[in-house]
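When the chains are written out, they are named A, B, C, D, E and F in that same order, and each has its own residue count from 1.
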C-alpha cells in the first residue's frame, strides 16, 4: 500500500485507507449537487479527497473511522495534494486489513509502556506515595493503553500519553542519578501522575482526542488529578494534610509552572522544578520529532510547530561524518 | 484615649495602646546602645515609636501583642509622625483595658456575621449543595469568627473574611432577584465557599494574618477549598463526578477569573461569572472604604491603595446638598 | 410564525422575516450565475439563506431591513442550519406585520427605560451635577430610545444602551444603600453619562450599530462625553475647573479602568471605582444572559461569548429543587 | 565659583549655591541631636551636604530655594561625593548673586523660545486652526516662560517645555518639507498644543515641577488640553463637531500612541502619526543629552536614564577625526 | 493605459498589465473545469481577475512576472473590484512595453539613491569607520539598486531599501546639525548599515521580496550585518575589539530597541538611541504615505496599515488655505 | 575553622576568613567617626561585620579579597546575623591558609571539568565543527578554569561556567542516545559554545563576576560568541555562509529562546530546541541546589531563588525510606 506521506501530484492510487472524516457538501451549481468531502488517513499522514456525484446510498454508506478501498488521482489544490476519488467501497473482512494499521501510534507497544510504568511504581519506596500512585494508576490504566497526550500540541497519537510518561521517566531516572539531592519517589510519582487526568479531561478513541469532557472543561486535568489524590488518600486512610499528599498535589498543581499556563501555584519543591523542566524538554523535543516525521521527504522545512511558538523547523541534512 | 489617627506633631500623648511590634536595635554610636523600635496600634491606625536607653529588664518586658501605657511626644520623622517614648509600662488588669478594643474589626459583630451565613446556608434548596456547604462551613466556623480576608490587600482585620462573605451575600441576593436566570443555590454556595480555605492557607490571630501555612504555600486557598469539596462529597456519600460537585469546584477554581490571577480554569457557568464580579466589586470598594477610614482628617488623598493598582483615592468633600 | 431559534434541519418554513442583508453573488459555473446570499432575522436569532436563479427584477426588489414572506427548506451547511429559499415576496401593508416585531429588543419598553433615567436625574440633589446631566441627556434622548450599547460585545439590540443604564442604576441604588460613604449624586450621574456618547460614536438603526462615525473613530465615546461635559458647563455658566465638573469628567474618563482598555486616567474617586465595577458586573452578566437567550434549546453550551474572553458558557439544567 | 559637577573628594569649597532642600533630621545618639540634611544645586548639578550641631536659629534661617554662601569639604559617602558644611550664611543683596544663575535652564532664552512659537502660530494658514492655537497659547503663555516639560523624565528644567516645543517645531518644519503629503497646519498646531496642558497638570516653580495639581491628577494633561480645545471652539464660535476641531483633539488625544501610555485613541491621521514620532525622537534624544550634561567628567557611563528604560549611556570619547 | 487604481465597476478595460500571480483552479461543477485565478499589477496597484474555460495551451502560456495584454470587464466581488477576462495574450517585443514600467518603485531613481549613499560614505571622517562601511556597501551595492526594505510592512517596492536609507540620511543630517553632541560618523554609518543585510536575509526580484533565505531565517538581518562587520574588520586588518567596531555592531544590534522586536541589546550609545528613532520616524511615515498612495480616490480611509498596529488612516481633505 | 553557614547569635568566633568587601563609613555622631563595614566570606556563605574605632593605619591595611584572622561576636541585626569585630589582623604566610579554600567552587576540580570538555570536543566528527569549537575553546580556556556562569542567577562560583557546561554535556549525551534524530555534533558544539563568551562579557576573579566589560555591555555574550564563530571560520578558511557555520551561529543566537530573553532569533533547528531546554533544566535545577546548599540547617525554606521567579523552595525532609 502506498503511504499517504509519499503521494505526489499525478499519481493514481489504489489501496485501503481510513476515513477520518466524511462530510456531505453541495456544489454552487444550479441546482446544487451533493458531493463528499473526505479526509483519508494512514499511519504516515492525512490527505483530503472529493467524491463527486454522490448517491443517496453513498450518503448512508460512508462514515468516519471506517476503512475503505479507493481508486483516485492525486491533484494539486491550493498548492496541496488532494485526491479525486474515482471508485470507493467499504473494506470487507476478507480484505484482511485492520484499523490499527492505519492510525498513528507511539513507536513502542502500549503493553511495554505500561510495563515500564508499573515497574517504576513498584520501585517507589515510600509506602504512602506508592499506594497513592497505584490507586490512581489503576483507575486510569485502561485508558493509558491508548490515550494520546494532547489534542494536537504533542504526542497526539495512539498511546501517546503513556509514551510521554515513559520517555519522561527515562529522563527522570537520569536526573535522579545526576542530582542526588532530588527525592526519587517524588520525581517518579510526579511524572506518572502529572498528566494522568487527561484520561478524564478528554474523550479519545484510536489515539485521537475528539473533544473535552464536561468535567474536563469545567475543572481541567490539573484539578482532576488533584481531586484523585484527595480521593485516594481518603480511601487509603491517609490524612489529606499528610505532607506526602500535599507534596504530590503540589507537584501536579505546579507542573505548568506559571498561572497563565494553568498552574494555580508555582513550583516550590525541588522536584516540582525538575518535573516542569523534564516535561518541557520531552514535550518540545517530541513535538519537533513528530513534525519531522510527517514532513514529506521533498520539504526542507516542517509545517509550523505549535509547541515551539509555531516556528518551522529546518531539516538540515545529516552529513556523512557529522552524526 | 486619643486615637492614633488624630495624633499630630507636637502633641504629648498619655494612654493605652497595643504593641504591634517591638524590635531591639542598636545606635551607630561607639559603643552602640540598644533602643526599642516599636509600632503601636489602636483601632484607628498605627504609629511608630522609639524608646532610647533600654535596660536589660525592658528587653524582657515588652513583646508584640501586649497592651502598654505610654507617655510620649509626637515628632515628625521623614515627614511622618512618630512617637518619642518618655515613659512606658505594661497594662495591668486593674487598668480595665481589653485587647479587643485596640484591634481593627469588621463593623458588624462576628456572631451576627456567622448568623447571616448560617441562615443563607439553610436557604439553599438543593440537598447536596446544602450538605456540602454545611460540611465545609462546620470545618471553618471557628476561624470565620475572627479571620481577616487577606494579609493586606482588603478586609485585613478581625472577622474581615466573614464580613466580606456577608457583604457579598447581600449583593448576591440583589443579583439573584435582578437576574432570575441565575441559580440562587450556586450563587449562595459559591460566595460562602470562595475564600473559605483562607482559614487554612493563612495563620492569623486577632485579625492579623501573620504568615501563610505550609499547605497554604504549596497548594493555595483555591485548591484547598477544592480538596474540601471532594472530601465532603466522599464523606457524605455523594459521587465526586456528580454535576453539583463539579459545579461547586468550578465556582471555586474559576473565581479569580484568569490564570495569571491564580485560577486554573476560567468561569464557564453563569454563576461563576457572577461570583467573580461580585467578589471584585465588594473587595475593591471595601479596600477603598478601609483606606479612607484610616486616612487622617487632614489629608486630601489616601495612601496608595494596593487593591486598585496602588492608586491614591481623592477625598472629595461631601457637599451639603450632594449626598 | 416559527421563531428562527427553533428551526431544525429538514423543516419547511413559511412565514415573515426581516432581511438583515441581501448580497448578490455569483456561482463558479460557466457562465457564472447570480444568486442571493441572504441573512434573515427575527427577535429570536438569525439564519443565512440562498436564493438561486435570481432575475434582474429580483435584484431591484430585495434590500436589507425589508420585511419579506418566504417559503424555504432548512438544510445543514458546514454544520449550521441555512435556508434554501423556494419562494419569496415583499411584505405588504395588508400582511399586518411590523418591522419592530422582528428585531431584538431590550426586555423593557424604551419609554419605561427613559422614565427611570429621568426620574433618577430628578433625584440628583446637587444643582450643578443635575444641570449637567440634564443637558447631556436632552442631547442624547432621542437616540437613547433605540441605540444598542455596543456593536456586538454586550446589549447589542434595540434600546440596549438605555437598558444597560437602567440595570446599572438598579445596582447603583443598591450599592449606595450598602455603602453610605459613596456620594449618590456621583454614582447616578456617572452611570447615566458613562456610555452616553456612544450615541455619537456609533451609527445605529433599529438597534443595530452598523459602523462608527468619523468623530467616533477619531475621538472615541469617552472623550466625546468628556467634551459634552465641558460644553454643558460653559453653556450653563459653570466654570470648567469647578470640582463637580472635574469629578464628572474623571468618572467618564476612568470608567474603563486601565489605559489598555481606553481610559486615559485610572479611577481615583471612590465613585469612579464603584462605577467601573458596576459597569463590569452588568455588562458581563448581560452578555452571558444574552448568549444563553439565543442558544438553541438543543445545545448544552453557548457559542463563545466575546465579553468573557470568548469562553463558552455551560447551560447546567436547573434542578427541580435547586433554583 | 566652582561648579558642583566638578567637585571631587578632598576639595574644600567656598562659594554661593542654591538650597534645593533643607531637612532637619536627628542623629541616632542619646540624646539625639538635630542636624541639617541639605541638597545644594547650581546650573551644573546637585550635591548633598550635612551641617552638624544645628542651632534653633539655624532652623529658622535656612529654607529651600534660598541662596547661601557655604564653606565645606567634599567627602565620599556611599561612593558619592557629599559636602560636610563648616560655615554657612544666607546670601545678601550685596553679594550680587541671582537665583536665576543657579537653576538649570533650557539653553535658549525663554523670550526667544516664545518668539519662535508665536511666529509659528502666525504661519498657520487655516483661520480656525490658528484661532484655536492662539486662544490656548494665550492662556498658557505665562507659564510657558518657565515650565519644565516633565517632573523628571525629560526637559526637567526652566523653560524646558517651551524648549521641547521649539525643538519639535524645528524637526516638524524639516518633516513638512521632506514629506509634502503632510498638512503643515496640523503638524505645527499639534506640536504647540500636545503638552501645553502640562502647565495646568503640574505645579512648578523655577523650572522644577513639584507636584501634580488636583485637576492634573484626575484628568491628566491630555484630557485637559482636549477640554481647552472645546472651550476655545465655543468661545470662538466654531462648532465642536467641526472637522478642524475634531482633528486637533485627535492629535492631542493620540500623541502617546498607545492606551497603556495614556492615549485613549491611537493615531489615525498622518499628522498624528508624525506628531507621536517627532515627540519621541526629541524627548528621547534630549533625555540622553541632558543625562550626559550632568555626568561628571570622570565617568564613562551616565546614570540610568529613565526615558530609555533606565539604560545607562556610554560616553564614547570623540576622536580627533571622527566628529 | 488605464491605471489599475482608477478602475471602477462596469469599466471595460483593454491594455497591458503585469501578471503578479497565475493560479490554475477548478470550479465546483461536475465535472470540475479549470480556470485561471490571476493577479494583475501596474505601478498604481493590483487587481484580481478570472479567466474561465482555460485550455491546456493556456496553462503552458501564462506565468507570474510576465507582461500580458488583456480585455476585461470590471465587476464587484465581495465588495472589491475584480476583472472578468475576455481576451488575453502575451506581450510581444513589438508592443514596446517594459516590465519596469509596471512595478512599483521608489520615487527617486536607484542610481541617484546610490549616489547619495556613496557621497555620504565619502564624508565619513574616521578612516576605520569609513573603511568598514565601504567594504559592506560594496558587498551589497548591486542589490541595493533594486531591493525593497521589507516584505510588506514598509518601503515594499523597487529600490525601497535604498530609498529608506536615503530618507533616513536626510533626517540624520538634520539631527546632526540640531544636536552637535552626536557623532556624525556613527549616525551616517549606522543609517547606511542598519538594514543592509536585508539584501541577504530576503530573496527579492523586481522590488518584491518573495521569501526569506535560509541564512536569513536562521540568523536574521541584524546578526548577518553584525557578521559582516566582523568580517570587514578582519579583512581590513582592524581588530574586532576595536571600539569603532564594537560601536558599529552595537548600533546595528540595538536598532530595533527592544528584545521582543529583535534586538539582543538595547541602545546604550547616544547615536544608537538616535538611530532607532530616526528609523521609526521614517518607516512609520513612509508606511502611512504608501498606504495613502494606493488608496482609491473614492475612499476616505486607507486599508489597515500594518506598521501602525493595523490602524486605518483617515484622509482628511486638504483645505484650500490649509496645506 | 567554623563555617560561616553555621554561625548563630551569641557565638564568639575566632578564625580566618576572606574579606569580600571593606568599606569605610562614618557614624552619625558628632563628630562622626570612621568605622569599617566588612563582608566576610568562606566557601559556605557570607556574613557582614563591623569594626568600630578604625585607625588611619587600619584604613591602609584592609582591602577586599584579602585573608584575615578575626575575633568577633555574632549578633542579630535586622533579624540577620552580623559580626561585631573585636580583633582583626592580616593572614601571614605562616598561617598556612590559602585563598582558594575560602571561595565557593564547583564541586568538581576545574582541571577535570576542562578534561571532559576537551574529550567531548575530540569526539566531534565533523571536521569543520570540531575546528570551530577548538578554536574558540582555545581562546577561552584559561578563563574557563575559573569563571562563574553568571553574576548571580546560577552557577555563580569558581569554575561555575565549566561546571554548567559539563553538567549540560552529561544531559546532552543522554538526550543524544534517547533521541537519535538529533545530530550529536551540533548538540555537543552548542553546549560548549552557548555561554562561552561570558568570559568576555563579564570581568571575574576568584569565581566572582564583579561587573560587565564594555564589550559585554554593548554587545552581550550571545553576539560576542557569534562574532567568534565568524572569526574562527575566516581564520580557518571556512566560508561564513557555510551551513555548519550558520547552524552553529543559529544555536548560539537562539539559545535564550525568546526575544525578550535576549535571543534575536528563535530556535529553528531541532538541536537548537534541545539546547535551550537542556540549558534551562540544568540552570534551574542548579540554582535550586545552590540555594539549598547555602540555606542554614535551621531553615525550612530557602531564600527567594531568582532563577525560579524569586520563589522560595521548601526543604521537605527526606524520609528514611523515601530516597
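Quick note on the criterion: a contact is a pair of C-beta atoms (placed from the backbone, for glycine too) under 8 Å apart; a residue touches a chain by one contact, two chains touch by 3 or more.
Composition by chain, UniProt nomenclature: A, B, C, D, E, F = 3'-5' exoribonuclease.
Quick caveat, the model's predicted, so the values are computed rather than measured.
Counting only chains that touch, the fewest steps needed to get from subunit B to subunit D is 1. For B-D, the equivalent interface within D-E, A-C or E-F is the one where over half of the contact pairs agree by residue number, namely A-C.
Interface comparison, D-E versus B-F: the pair with the greater number of contacting C-beta pairs is D-E.
Mean C-alpha position of subunit A lies 40 Å from that of subunit F. For the pair subunit A and subunit E, the distance between C-alpha centroids works out to 43 Å. Subunit A and subunit B have centres, each the mean of its CA atoms, that are 46 Å apart.
Shared interface positions of subunit F, i.e. residues touching 2 or more other chains, are given as 28-29, 214, 217-218, 243, 247, 268-269, 314. Inter-chain contacts occur between A-B, A-C, A-E, A-F, B-C, B-D, B-F, C-D, C-E, D-E, D-F, E-F. The touching residues of subunit C, counted against subunit D in their complex, run 214-215, 217-220, 222-223, 226-227, 230-231, 234-235, 240-241, 243, 246-247, 249-250, 253, 258-265, 268-269.
On subunit D, the positions that touch subunit E within their shared complex are 125-127, 129, 167, 170-171, 174-175, 178-179, 181-186, 243, 247, 258, 266-270, 273-274, 277-278, 280-281, 284-285, 288-289, 292, 308-309, 311-314, 316, 318-319, 321-323.
The touching residues of subunit A, counted against subunit E in their complex, run 27-29, 33, 35, 52-53, 77, 300, 314.
Of all the residues in subunit C, the ones that touch subunit E in their complex are 26, 28-32, 214, 217-218.
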